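Quick one: structure below, then a few questions.
So that you can tell them apart, the chains are marked A, B, C, D and E in the order they are listed, and the count of residues begins at 1 in each.
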Amino acid sequence: MIDTQEPQACLEIKGLDVGYYKDLNILQDLNIKARRNQITAILGANGVGKSTALKAVFGFLRPNAGEILLEGENIIDIPTHEKILKGLAYIPQQPGVFKDMTVEENLQLGGWTFRRDKQQVRDKVEANYERFPVLKEKRKQITGELSGGQQRMVEIGRTLMAEPKMLLIDEPTAGLSKMLAQEVYAMLSDLTTRDNLTILIVDQEIRQALKIADYVYVLELGRNKFEGPAKDFDDLEKAFWVG
Amino acid sequence: MSRQHTPQLAGLVLIAFFAVFPFVYSANDYPYIMHLLITGFFYAILASSWSMLAGYAGQFSFGHMGFTGIGAYTTALFCHYIYLSPEATNLCTEYAIGDQFLIFVNPIGVTSSTLSQDCLRQALSAWDGSVQVTAMPVWLGIILGTVMGGVFGLLIGLLVLPLRAAYLALFTLGFSEILRAAISAEIAITRGQAGIELPYLFDQGITLFGRHFDKTDKLPPYFVMFFLLLTCLGILAWLAKSKFGLFVRALREDQDAAAALGVNTTRYKVLVFVITSMMAAAAGAVMAHYVRIITPNNLMILQMSLVVAMAVIGGVENFVAAAIGAIIIEFTLELLRNSFEVGDIVIDMTIWRLVIFGVLLMITLRFSRNGIISPIINHFLRGHVAKETVAKRGAAAESAGGSS
Amino acid sequence: MEFPNIFWGVIGWMIFWAVVGSVITRRLYLHKDLDTSNAAFVGSMLGAAMGPIGLAALWLKTPELTNRLLVWPAVGAVTLIAAAFAFADPSNNCVANGSFVASQISNGIILGIIYGFMALGLTLIFSILGIVSFAHGEFYMIGGMVAYFVTTVWFPGIYPIVGILAACLVTFALGAAFERMFLTPMYDGKIERPVEYGILVTFGLAFTLQYFIQATVGANPVKARRFFDFPRLRLPTAEDPWLIKTSRGNMELFDTISISNPRFVAAVACVLVLLALLYFLHRTWTGKALRAVSLDREAAAIAGINPDRMNMLAFALGGMIAALAGSLLVQAFSWLPQVGAIPAMRSFVIVVLGGLGSLPGAFLGGIIVGLVEATGTGCVPDAQKAASYIPAYGMIVLTLTLLLRPTGLFGRRFSGGAHGKF
Amino acid sequence: AALAAKCPIKIGGLAPLSAPGAVGGGEAMRDAMLFAERDINAAGGVLGCDVKVVIADTEGLPEKASAIMEKLITQDGVVAVGGAYHSSVGVASKDVANNRKIPVVFAETWNDTITGDKQKYIFRIAPLSSWASATLWKAALLVPNIKKVAILTENTDYGIPAAEETTRGLKSGGVEAVTFGVDIGTQDYSGIVERIKAGKPDYIIVLATGEAGYNFAQQAADAGIGPQDIPFQAGQVALESKAWWENVPDGNMAFVQRIGTPVNLWNKKALKLNEDYKAKTGKGAIESYALEAYDSISILAQAINEAESTDGAKIVEALENISHEGTLGRIYFPYGTKKDPSADGKGDEWWHQWPDPAMTMIQYQKEGQNSTESPIVWPDAYKTGPAIYVKK
Amino acid sequence: MIDLVVTGLTKRFGGLHVLKGVSFEIHGPELIGLIGPNGAGKTTLTNILDGAIKPNSGTVYLNGERIDQLQSFEVARAGLGRTFQVTRSFRRMTVLENLLVPALALGHGHNRAEVDEKAMEVLEFLTLEHLRNEYAQSLSGGQQKLLELGRLLMLDADVIILDEPFAGVHPSLMEIIYRYIERVNEAGKAIILISHQMDSIFALCKRLLVLNYGDLIADGTPDTVKNDPTVIEAYLGADDDEQGATNGDQAAS
């Protein structure tokens, strides 16, 4: 899946400064490029600002400086709820399923943007049940009653409903059993090849991430530290977990 | 330097102004203006104590007016039903205390034709003037009312301990509603909506500044209410400055963090209820003796909303601002009473003034959340802080690089 | 009351064991490493219902506190109070007069439905915006006023439904406009204490609306004409015995329960609208989006739902529900600018009782309050005071509930969204 | 100094114009008092000056009332005060006026205590509560086979004493009465109605004012114990016929107590006022408290003229000697400083009290009937038609 | 002599078993690192020690006094202080007032001058003295963290638990926190340091506790802990087949 020639960037973060408080920038001059149809991983110790970067891209935080380009268009001023219309999707670190609603309702809400087309919504929900057969059995269950892993599936499924071109995903397998985690990773690779999705993944499971990623960024305290194709990182593994 | 002291100075000027006002003002409407001031002081006590409760301690209670009712009704019932007599009536419930008898008059309700069932009256007419019965001293009633306010404050404070913001507001609202319903319903004792009458604050009049004032004169109650206000403000100021103020604000900001730093949050939460309730009760008791009649309507949500609005418009996080706001609003609402005509259309301000008031409340909240008075005070008190910070920042910037 | 000692004796006994039960059960469950969230409630109810025997059984077995254990002891306690009352006051209408009891219960339920419906609007607003709307009663009042003016003053003889729709429309627009103008600053996190801000600013709205209506409409009671007449019915036959008899303005069931037309129409309409509302919330896209926002704002935004738009919708809808209740009741009650205060108070009690933010809680809370009020009004022996205390009955139940379960009866299972934050 | 008064001469008019006061009543009184001002000025004013009636909102709150009285006297400079609706307002404000030596003629404050302490400057043309209740129970005792009466009363200073007096009166006639108190503002009476129904009363008396009076009557009618089912005496608000028929479509056969002379005996003044009032307010007929309010102002105007002074003491003197042709009839005050009520063996409450405001009982016998056209069924002196006692 | 004895702490939230019998002891001015994956129960343990929540079973003794059933403020007065993972400064109080709260809570109020002096000294140490009259809400995130540490200094507790003090802190402020920890430690206090930042932990701590989903799986010097296979398995989430790759010297980087 690794192309030989440099693929065009789908999402590009340029010189981003972001913070939660007015004069403390968690991220400083961050530069990241997510290449089309590839998986780009962002790695780094806890608290370096990986999730913050994704939140900023998706509009939950307003950057103090820098640009965020999606297909060359600056998306900083697009409100969060319209990002999905641009083909940008996000799965946050804290699970964000609607716990009091059924699995099916959750999935349906993923199709909010094309809700007028009922047939399409139905088809996509079915497609998701194919992707996650467990969910089909539990379609009428309240999502809050599912296990953490299954909730994660619901969330991924819901996000894929809108058929984004670009997916931001934050620690997709945190709290999942190893088996499930493997499946999720397999699915993510699958998505890039089969569904032509571009993925920007933040992860702590370094080994797994390196296995599926094409390109890797390593952050340290809100700044770029290393970057390079995943295959170059084999020996640097140990450097990651101590930041 | 002087800027920082401007508010204090202004405060002193204001106090001096109110202290001499009754002596220098002599226009025709003197009693009316005095009355407005007394009422203004009354609301100022309520608004400032409520701002301590809601603004400082974050306990957003809607039951504050209930406590004024408790204070007022305690003293009213006390003065209404209890007497001292040198001789036994043998009709009323009575207890010998030394050579006197403590007489509890039986409640006779509101009907005038039941007056004959009043045991004390019967006894008095039997004695035919040979025995002098003494009424209870008003000050004792006021003190009792205050204490009772504290007791109820303690109960409510304990009851609402686990409640969060919205629950607290709704629960306290309900509390004052129950109180109102009970007072309205227990007519035999409280005389319900007919209202219970109270003796004058100074039934025999009083001699002040070498002058005798009749019981109906406005000056003595003016100064009583004024000193009560000053006392309350004094206590509040002292509390706010002392560790109490620090602790209640800390618990407003973050209860767990305050507890982790050794603050007994339960105690201070209850204490702030007790103290502010006592202030409300004291104000209610004095006011009741001044107005000389108290009805359950005083506990209506409308009255509470007035206090809340006054505190909010003044500035709920500064009790002085809340107090000033109360006095200003009391006057504004009175001034707005005057209807006027635009061409043929009579604008009846008796009603429109409250519409205006509601709009003012919303606009203040929307655009100046700290109220109208408190930003002015803060401008003087805290204006220098920014300058100071900026000045020192340059020097400190290097060592505290992160803050750049 | 003939034997007050029996009654108060039993009550005293129940209170004693309820206190013992709540305190010790909680300690015990904590100590035994079990879930304690319902321990106080179950302990107190079991203590009240079955005294030391029930408590001993509970303490020995310490079972998991399922819903069954939550409900049955509570029912038992209520039954015991009722029994004690029956013994103490055998000649009371509530004990001796079956048809009276039936009518009181049906009255309580009908009123409860209407109360619950109103409270639903309040709780809807709370679950999505996280604020308690103090202007709820004023929306109710305006709903009635609009319906009155449309059906009786401006277009007499028009279909009543037009008036109701007009009321909905007006209040919906009003709610939406208010939300845009005054509530939006709450969402950007700039307001330190949004709960209090919400209370105060809606309070200002209430003030403004009430006096605005008084200034423009005046203070004479008005009332809309009856929306529909009942057809004359006598079932099963024209001869007695019959089950249902109706006249134009009244319906009588089983020769005992009589329900007035406006009240019946209002309750039926409330139930219908409630069903429609449930359909809306659970079956339509917008409804699902509303619920989604109330559960998790950020996730909803990620899915493409505009949370700000949903806030506006929720506030407008909540106000509209109150107005709908008002427009239905303006044919039953006389209408004044101050008319909203009492139902608003009632709604507050109900939503706290049911658990702020819980839709089923609001509705069941409404019925509970309706029944409690009916019981109080009907059974308290002193006729003069029984009705005077109506505002207090619900509060007493509420106080007890809050002492035992600070989150109300139906605290949300999976708290999230605004409900989780405040 | 008699004619040196500043023009215009101001007279205060108390009325509740915002909640929690009874705003409906207040607005009626305000309108009537403004008519009084118009009529006095049209007739040449007072002491050569125009009269200005300064309307003041009491909000129905006693503590506001004393403030308002204070304001009227000291800021607006009124020389006398009329109006007032709530008794508690009267009780709270009378001392202020008395101390400032400003005469007050209270219009609709029934509570006996207002004149009971014999204050020099306090007059009243409203009926005494204890006495008004007598008409209630006396009329009730005429109901055939009456054994049990249910009284619905608002728990206010008006309702409770009236209920108690009525109960006592009924008991003296051997009739049992049960009183149901309700909080003002209550909208739903279904529980109470059921309870009253279960008690199977022979007669129902409503002593609730405001919307409560309408709500209860209609809800009772819905439940089968309305005016068409058993003899039913509605509250004062039923006199406002237009509102009555709008709010209580099933209000036929209701009895209502009226204060003031029956319409057929109305003088020209009353008739004219009624017409003007109807035209201005769109109501069916003028309420008795509006008439009282009107008279309270015009009697003061006459007293000032007769005293030839705006001095309080002189006005009081004039009032004590006055004979005023008002809309309610001839108004005079037999007891006062000249003659103590005890001289006639009467209680203190008769001090400065108009002794004979007429009290009648009317009955709506046709649907949509105007209260002024309904037959007077009691007392015999005014009777224009027989009462119809419905029976199930 | 400082003496914290924790025995058999368990805690459940509903069905979730967050702590499963945690025991350890601290004697003297130790500087201990507490590490473990996200959700291991570190903050919960802190909350229990602090008295904010009650354990289902187990005991905590501080200097011979049993503190596990005490309320939070009593624990604080008994000599145990903590910071919060998410900064919890009193936002609408000035920096100075923030510092005064613990001092006055301990009852040092009668000697106000001394308290003020100490507060100023602390502020100076934390380089916040120029901000003393600013509201805490106008401080940056990092400065608020410092402020929280400052409050702990004023509390003068014997045992201090720092919950992720380095999270979101700029390197230059990190220096100050390092100095802070040293200072407190030198003053004879025990510190429990919770952090995900391994280099800081290894640089500062002489003893590590490793918590893994409710179990205390290791307690020893950094070196032994680092090479403990259970720790590596649990914390590094290593695949079994690649376990060998992780036993290098992580502290080096």
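Rule of thumb we're sticking to: contacts are C-beta pairs under 8 Å (C-beta built on N, C-alpha and C of every residue); 3 or more make two chains touch, one makes a residue touch a chain.
This one's a predicted model, so the numbers in the text were calculated from it and none came from an experiment.
Asks: Which chains does chain C share as contact partners with chain D?
Replies: B
Asks: What is the graph distance from chain A to chain C, where chains are linked when they touch?
Replies: Between chain A and chain C, the shortest chain-hopping route counts 1.
Asks: Can you name the chain whose C-alpha mean lies closest to the mean of all the C-alpha atoms?
Replies: Going by the distance between chain centres and the overall C-alpha centre, it is C.
Asks: Relative to chain A, which chain's C-alpha centre is the most remote?
Replies: D
Asks: Measuring from the mean C-alpha position of chain B to the mean C-alpha position of chain C, what distance in angstrom results?
Replies: Here chain B and chain C have centroids separated by 33 Å.
Asks: In whole angstrom, what separates the CA-based centres of chain A and chain B?
Replies: Inter-chain centre distance comes to 58 Å.
Asks: Just how far, in Å, is the C-alpha centre of chain E from the one of chain B?
Replies: Their C-alpha centroids are separated by 45 Å.
Asks: What are the residues of chain C that contact at least two other chains?
Replies: In chain C, residues 210-211, 214, 341, 384-385, 388, 390-391 touch at least two other chains, as defined above.
Asks: Would you please write down the residue numbers of chain A that are in contact with two or more other chains?
Replies: 23-24
Asks: Can you list the residues of chain E that touch 2 or more other chains?
Replies: Chain E, residues with two or more chain partners: 91-92, 139-140, 142-143, 170.
Asks: Hey, which residues of chain A end up touching chain C in the complex?
Replies: 58, 60, 79-85, 89-92, 96-101, 105, 108-110, 112-113, 115, 144, 155, 158-159, 162
Asks: Would you tell me which residues of chain C are touching chain A in their complex?
Replies: Where chain C meets chain A, its residues are 285, 288-289, 291-292, 295-296, 298-307, 412-414, 416.
Asks: What part of chain D is in contact with chain B in the complex they form?
Replies: Residues in contact with chain B: 17-20, 55, 57, 60-63, 66-67, 70-71, 73-75, 77, 87-88, 91-92, 95-96, 99-100, 111-113, 116, 129-130, 154-157, 160-161, 164-165, 168, 181, 183-184, 349.
Asks: What does chain B use to touch chain D in their complex?
Replies: 28-33, 35-36, 39, 109-114, 181, 184-185, 187, 191-195, 197, 216, 287, 291-295, 297-298, 300, 302, 334, 337, 348, 350-351, 354
Asks: Which chain E residues qualify as touching chain C in the complex?
Replies: Residue positions touching the partner: 10, 12, 14, 54, 56-57, 91-92.
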